[in-house]
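What follows is a set of notes on a single structure, which appears directly below.
The first chain written gets the first letter, and so on, giving A, B, C and D; residue counts start at 1 in each chain.
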Amino acid sequence: MCGIVGLFGHPEAAHMTYLGLHTLQHRGQESAGIVSGHEGQLYGYRQMAKVVDAFSADALAKLPGDRAIGHVRYSTTGQSLLKNAQPFWVEYVDGGIAIAHNGNLVGSKETRRRLEASGSIFQSSMDTECIVHLMAAAPPGALEDRLRVALEQVRGAYSLLLLTEDKMIATRDPHGFRPLVIGEVGGATVFASETCALHLIGAKFVREVEPGEAVIVDKDGVRSVRMGAPAPTPSPCAFEFVYFARPDSRVFGGNVYGTRKALGRILAEEQPTDVDVVIPVPDSGVTAALGYAEALDRPFEMGLIRSHYVGRTFIEPQSAIRNFGVKLKLTPVREVIEGRRVAVVDDSIVRGTTSRKIVSMLRNAGASEVHFRVSSPPTRWPCYYGIDTPTRGELIASSHSVEEIRDHLGADSLAYTTLEGLLRAIGDGDRGISGAPFCHACWSGEYRVRMDESPAP
Amino acid sequence: MCGIVGLFGHPEAAHMTYLGLHTLQHRGQESAGIVSGHEGQLYGYRQMAKVVDAFSADALAKLPGDRAIGHVRYSTTGQSLLKNAQPFWVEYVDGGIAIAHNGNLVGSKETRRRLEASGSIFQSSMDTECIVHLMAAAPPGALEDRLRVALEQVRGAYSLLLLTEDKMIATRDPHGFRPLVIGEVGGATVFASETCALHLIGAKFVREVEPGEAVIVDKDGVRSVRMGAPAPTPSPCAFEFVYFARPDSRVFGGNVYGTRKALGRILAEEQPTDVDVVIPVPDSGVTAALGYAEALDRPFEMGLIRSHYVGRTFIEPQSAIRNFGVKLKLTPVREVIEGRRVAVVDDSIVRGTTSRKIVSMLRNAGASEVHFRVSSPPTRWPCYYGIDTPTRGELIASSHSVEEIRDHLGADSLAYTTLEGLLRAIGDGDRGISGAPFCHACWSGEYRVRMDESPAP
Amino acid sequence: MCGIVGLFGHPEAAHMTYLGLHTLQHRGQESAGIVSGHEGQLYGYRQMAKVVDAFSADALAKLPGDRAIGHVRYSTTGQSLLKNAQPFWVEYVDGGIAIAHNGNLVGSKETRRRLEASGSIFQSSMDTECIVHLMAAAPPGALEDRLRVALEQVRGAYSLLLLTEDKMIATRDPHGFRPLVIGEVGGATVFASETCALHLIGAKFVREVEPGEAVIVDKDGVRSVRMGAPAPTPSPCAFEFVYFARPDSRVFGGNVYGTRKALGRILAEEQPTDVDVVIPVPDSGVTAALGYAEALDRPFEMGLIRSHYVGRTFIEPQSAIRNFGVKLKLTPVREVIEGRRVAVVDDSIVRGTTSRKIVSMLRNAGASEVHFRVSSPPTRWPCYYGIDTPTRGELIASSHSVEEIRDHLGADSLAYTTLEGLLRAIGDGDRGISGAPFCHACWSGEYRVRMDESPAP
Amino acid sequence: MCGIVGLFGHPEAAHMTYLGLHTLQHRGQESAGIVSGHEGQLYGYRQMAKVVDAFSADALAKLPGDRAIGHVRYSTTGQSLLKNAQPFWVEYVDGGIAIAHNGNLVGSKETRRRLEASGSIFQSSMDTECIVHLMAAAPPGALEDRLRVALEQVRGAYSLLLLTEDKMIATRDPHGFRPLVIGEVGGATVFASETCALHLIGAKFVREVEPGEAVIVDKDGVRSVRMGAPAPTPSPCAFEFVYFARPDSRVFGGNVYGTRKALGRILAEEQPTDVDVVIPVPDSGVTAALGYAEALDRPFEMGLIRSHYVGRTFIEPQSAIRNFGVKLKLTPVREVIEGRRVAVVDDSIVRGTTSRKIVSMLRNAGASEVHFRVSSPPTRWPCYYGIDTPTRGELIASSHSVEEIRDHLGADSLAYTTLEGLLRAIGDGDRGISGAPFCHACWSGEYRVRMDESPAP
């Protein structure tokens, strides 16, 4: 997962982009970068670090101009190299071009092979680089025309920001898998993955970039063009509501906090349990746990404390410490747990490793019963559209029944929200969003863009 | 405020100390240090940085031995120099000695002047250094005897860990202002400011170090000696319950989470209000807000989201951004706030600056009413015993009435827990602790050790 | 100017490359990099730093395999960016490829424009990148065939090392502008810009790579192929003898130390002067000054001391200090200078700024006369083949007569070695080299590859 | 060995001190530090690094004021810790005091033991710290009076600079073992170990600080006081001329370059040899080799090239490389050596390890004979007065005859300058210095301050 931000027409464009990236840090902490434009020149800076560590006042001072795009990237295994940090920035026939990408292209390896066969050389292992090569190989024309030609040859998920010496373009794939919103502050146009980025810099929300739309900003103002036929049915990612987006953001026209509470409430309706206390796995399970406790009318307590000082370079001792990794991050509040029947709520279970340690930790803290509750359905299928889920083999729910998982966790009971319930929560009542048929492939296996599908004509 | 940890008899003493410091990071993020002992030699390492940043695997590898003490220091204004980082470590007549100190000595400037007049030279501006000078000047004798002579000449708050080439001593001042507990893991003795440090390293809680007691550990085992007459009435710091200690810790025999909930409940009883929703200022106000909502039977929501990525070197833009500093750290969830009567709960108000911005932020997010609730009495007096409160002039409650503060915050109402209520909460029922008359000078001005008091004879 | 080294078949290939780069540091201190190959993978590391600062044991440990190429780059104005550090390393249709280049292509901007027009995207501003694009666009074939096609489309100066997953190629342009030698150590093949790199790693000199030759090393051994017709007259760079190469190296079949002494001797014959003492500008003028003093039979003294601790980040005071920059680097030995007629010998005069300060410094130290002697002809023309000489406008000799330069320096006399004398010195007697007509464009303006010349057919 | 500099009354005092330290870097590259004074406050900065690496513009900017002292320390084995870097800076009864010391106290361990017994605590393992403790323990009085009391209790070698909030003092021990000169620039007073430090900052030489003299500078000007009875015979260190001081410096009233040439000439007279060429071990042997070649009337050549890029963190390969360490630093010029009888001149032989490798390297480069010449007598005794010579056991000449050393080196002959010749060279003719009986203990074993001698009364 990644986060992107861009501003056009702001005297401190790079600085505002930096602030925007700061609010999107939950979408990516592995690398951070900004490319700005000033008087026909692009200026770039990228680091393998979190936003707060990546940028100094000096670094920002070297990113002049009234336009900039920025990118944060999630930590993934392997390929964690500076050359894969974004914005990706090169020279081609029309001059400098920088690109920031949230999402994943499907079938990009073939595209890459095809490009290499015709003489392209690649500097990164990112699928994003294909888009720029396809633009460079397109017939001469305006930036948006080259972009259209390039996007007709790729498929998958992409919310993109492009910056050249005189223009910025924001676009989303025809399915609209990943979010991208437009804001406005003091006459400047802002693009961002989530609305929370608008808030910090004082920008007001204007609207979403539509699936298949490209919004172009240059000295003549803002205009919108189509990037090809829209997908018959847009399918934004439902998992943004469950986990990714920040609770104070709006995505895909819906609010995240309300949706998460609804997920908890529906889970309680579908799977009521008689417990003494409801606790979340912080921070991801907090909102759903509030809804769950409310619907069950049971006390909500912060029974697990999360340490916010954990760095990625923590040095492990040689002595065996039981559940060391989880203990570093989470600690139980014995007074809340001891002698009680506890429902512990999280947003999802991936491999099951951490959940199992949490159950064990709660039992050690004296819980008489531990009921694990998950505010989404079992995650059975990998995501090809931008979320770094593991392969099927690693997803515990792809090969184990709910009962088997419960047994593995050592919990007294285990229950998930149903897919039907989840879709109801997202579209729920007054907080809901217009009836988009969300992408729910990670739970259902129904992929909107198949791996073997040929590119859009 | 500071945090201290020590282990004696553990094969990875420095590493365990490092883990312990990690859990105490809420007590000090300005500097971190460890001194270990191995075969008659001390080895030290100190940095002006948070624990996670301060230590590398290399740095830990250079701290050999089965004994170590560690220290984290809170960020204070001025004097933020490496020479003031702890453990403080020097050579004196009996060899090397290292000391880690939580608390503040009263009248240490006079003591220092007296020592300098008789030829002592000082390397730091820390009051802690006086203790070592006094020990060096004491008549020849065992470490504990030199320590007793030194401590008879100082007063104030100190929980101390001392390490020499063959011995570790843990001691608390006669009033027991600051906490210090004893634990045990695999035959090794552990000392730590809070029990949460024991949990991570798998140690079990044994007991507190008593006020005026010194616990000595060496190759012959663990023994206890008195450091002089105990204070007639020990007076542990009540503010540890309100704010400092981690909610999953026990301090002074009481549990922190339970006490904070009780503070919220009592506040609700003392100051009921008709609101639609109760929200905390995260993370400090969460537990009290839970108690407050519970007692009022009103919904508890996480209406403010805290960013956990804020570093101290954040680079401010030149553009004016309204409430920039607070926005970086806290953002409102509009869906929770809009059109509602909101009670917002925090643990204390110091200068009032942040609280005022929070009220303004909630109004901007659409709150119809904002009721500010504080789970402790108005903070009117500075602390001389180890908490970095500002001077009286900066404490808004020392010069303003509650109504004036409410007006300054722009809140519809403002209410504090009473001192009587606070003391009741700390000693409350089954969660309570033996009736110690806590130090509550920061609220009442009743100082247990006066500035002009002469040292114990 | 740059330096390159490569090894194939050595168990510590990257480490040996690092040592080789160390000896070539006089050829480039701005950036340093190594790419190694292991089990079908390339591993790279580049830094904007001198070799000694650029590499740590950790960095070397991450460059596994029995083959590696390395590069050091000279500090130039502008374009001093990490993306321009070498080896340049990308993916193309046949896999990974890394390239290290000493020299400069002529007309590379056109080539680049042509490549961009057909869809290539560029990541650097280096001419070297063109070669890889041309290889990628060449018809399918062996590495050496792709390389031949690419090199037929470029002209100028290039000594190149290429590394792919299974092969290393070393090649020189048809004119042989820049040096490149072959060595052998313990069965491994070594390539290096100068023989001094062989010495440190214990390798023995085998021969030079010939102009227009490509030497290919892979698992089947070493073989040689032609890269196209050789230039009718190879023209190695004479300035390597005057300044660039290390005095303990052999380049182009000649020895550098002997040639420099001969330059000094011929200068003395051509321009004898009656002086009391001969001193060099250290280190560049030392060898020629020895020859000059010997031929004149006058005492040689180290009358200027060079500080070897000058870093590039020296912080200047605000107070005016006369000749500050030169004083940092050079100081006179008053006892040698005072009251004497001094001949000071340097290898060349570029802008004249430093030489002028040296004359002033010698007069301040009491010299009764200062005679400036230069062991090469006046530098009047810029180099397009790899030496970072300034533009014509900045070369003092391109717009000033010798008498005008003497006047500018404030010297009592000024004399240069003649071009005829220089060519005699290079080819001199038993130390000489086979009668190659060296490139002497920087002195004569006779360029062997013209800017407007079309590429070799 | 160490170097010290101080300025009083200069608007950029710290910056000038930094420049001065830069020129003294040959006297110490392990640590560098400066303490400045401004408006009654001292400001300090110390690093374990060379001057060029230790200071940034930021660091200098934090050292305000018109007075400063600085120190560079030589790399020694062990005890290489930041706490031992200088200037040493503490608080005592009269306020802040900083001290920079070149030299070594004799018997400082006893003094330390005595001080500790009376209650002093030590933060470093430097003998210098004793002086400050003794000053702190002295009867109340002016800084110079406290200093006199302290110095009466120590013996050995010390050239000292002290800085307090209002005063600077420069003093030398009664024997005047180590140099210290006074200069003047624009009304400011400068102190420095060698005159070369004056040159860079444009200061003119005034005179030496006399043995046993203290020069005091404050707002009332400069004045001189005695620090006790002078030693009956001052005995400055002769090794400063042989090796330590820079050739462009004057020390103890004599010039270093001229003395070194005289050492070479006298060596040639005492030990003439029939060789084809004379080469120095650069840089230490260059000047003496010039004198040696001149006296023998044989060609002088730079037959060994020294690499100036060697850092201290060089990473060694696992492969055995013959004479690796020496090769990194020195390489032979085969053309100069091959087939010739070579005299190689160095200033001294300590352990013999490097000299042996040089002989082997010259033979490998084809020398027909290698004659090793040393421009000082055999170093047989350790120095207790500030030079980091090894213990007697490690000094090859303390346990081996000249013939045995020759055999160990593998040289055809080996010869040293005699002590008589050395003393003649130092006092030689017009370049000479007033007949001070220099300290020559490292060659003769005649120590001027005995280890068991009691302190001056």
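Convention: contacts are C-beta pairs under 8 Å (C-beta built on N, C-alpha and C of every residue); 3 or more make two chains touch, one makes a residue touch a chain.
If you're wondering where the values come from, they're calculated on a predicted model, not measured in any experiment.
*Asks:* Please pick, from C-D, A-B or B-D, the pair whose interface repeats that of A-C, with more than half of the contact pairs identical by residue number.
*Replies:* B-D
*Asks:* Please identify which chain has its centre, taken as the mean of its CA atoms, farthest from the centre of chain B.
*Replies:* Here the answer is chain C, farthest from chain B.
*Asks:* Taking each chain's centre as the mean position of its Cα atoms, how many Å separate chain C from chain D?
*Replies:* 37
*Asks:* Using mean C-alpha positions as chain centres, tell me how far chain A is from chain D in Å, no decimals.
*Replies:* So the centre of chain A lies 62 Å away from the centre of chain D.
*Asks:* Between chain B and chain D, what's the gap in Å when you average each chain's C-alpha atoms?
*Replies:* About 50 Å separates the centre of chain B from that of chain D.
*Asks:* Can you tell me, using the touch rule above, whether these chains form a line, ring, star, complete graph or other shape?
*Replies:* Looks like a ring, each chain touching just two neighbours.
*Asks:* Go through the chains and record each pair that touches.
*Replies:* A-B, A-C, B-D, C-D
*Asks:* Taking the touch rule as given, give the residues of chain A at its contact with chain C in the complex, in rising order.
*Replies:* Residues 90-93, 116-123, 125, 132-133, 136-137.
*Asks:* If you look only at chain A, which of its residues touch chain B in the complex?
*Replies:* Listed in rising order, the residues of chain A that touch chain B are 11-12, 15-16, 18-19, 22-23, 25, 29, 50-53, 55-57, 60, 196, 199-202, 246-248, 255, 257-258, 283, 286-287, 290, 294, 299-302, 305, 307-311, 313-315, 317-319, 321-322, 327-328, 331-336, 431.
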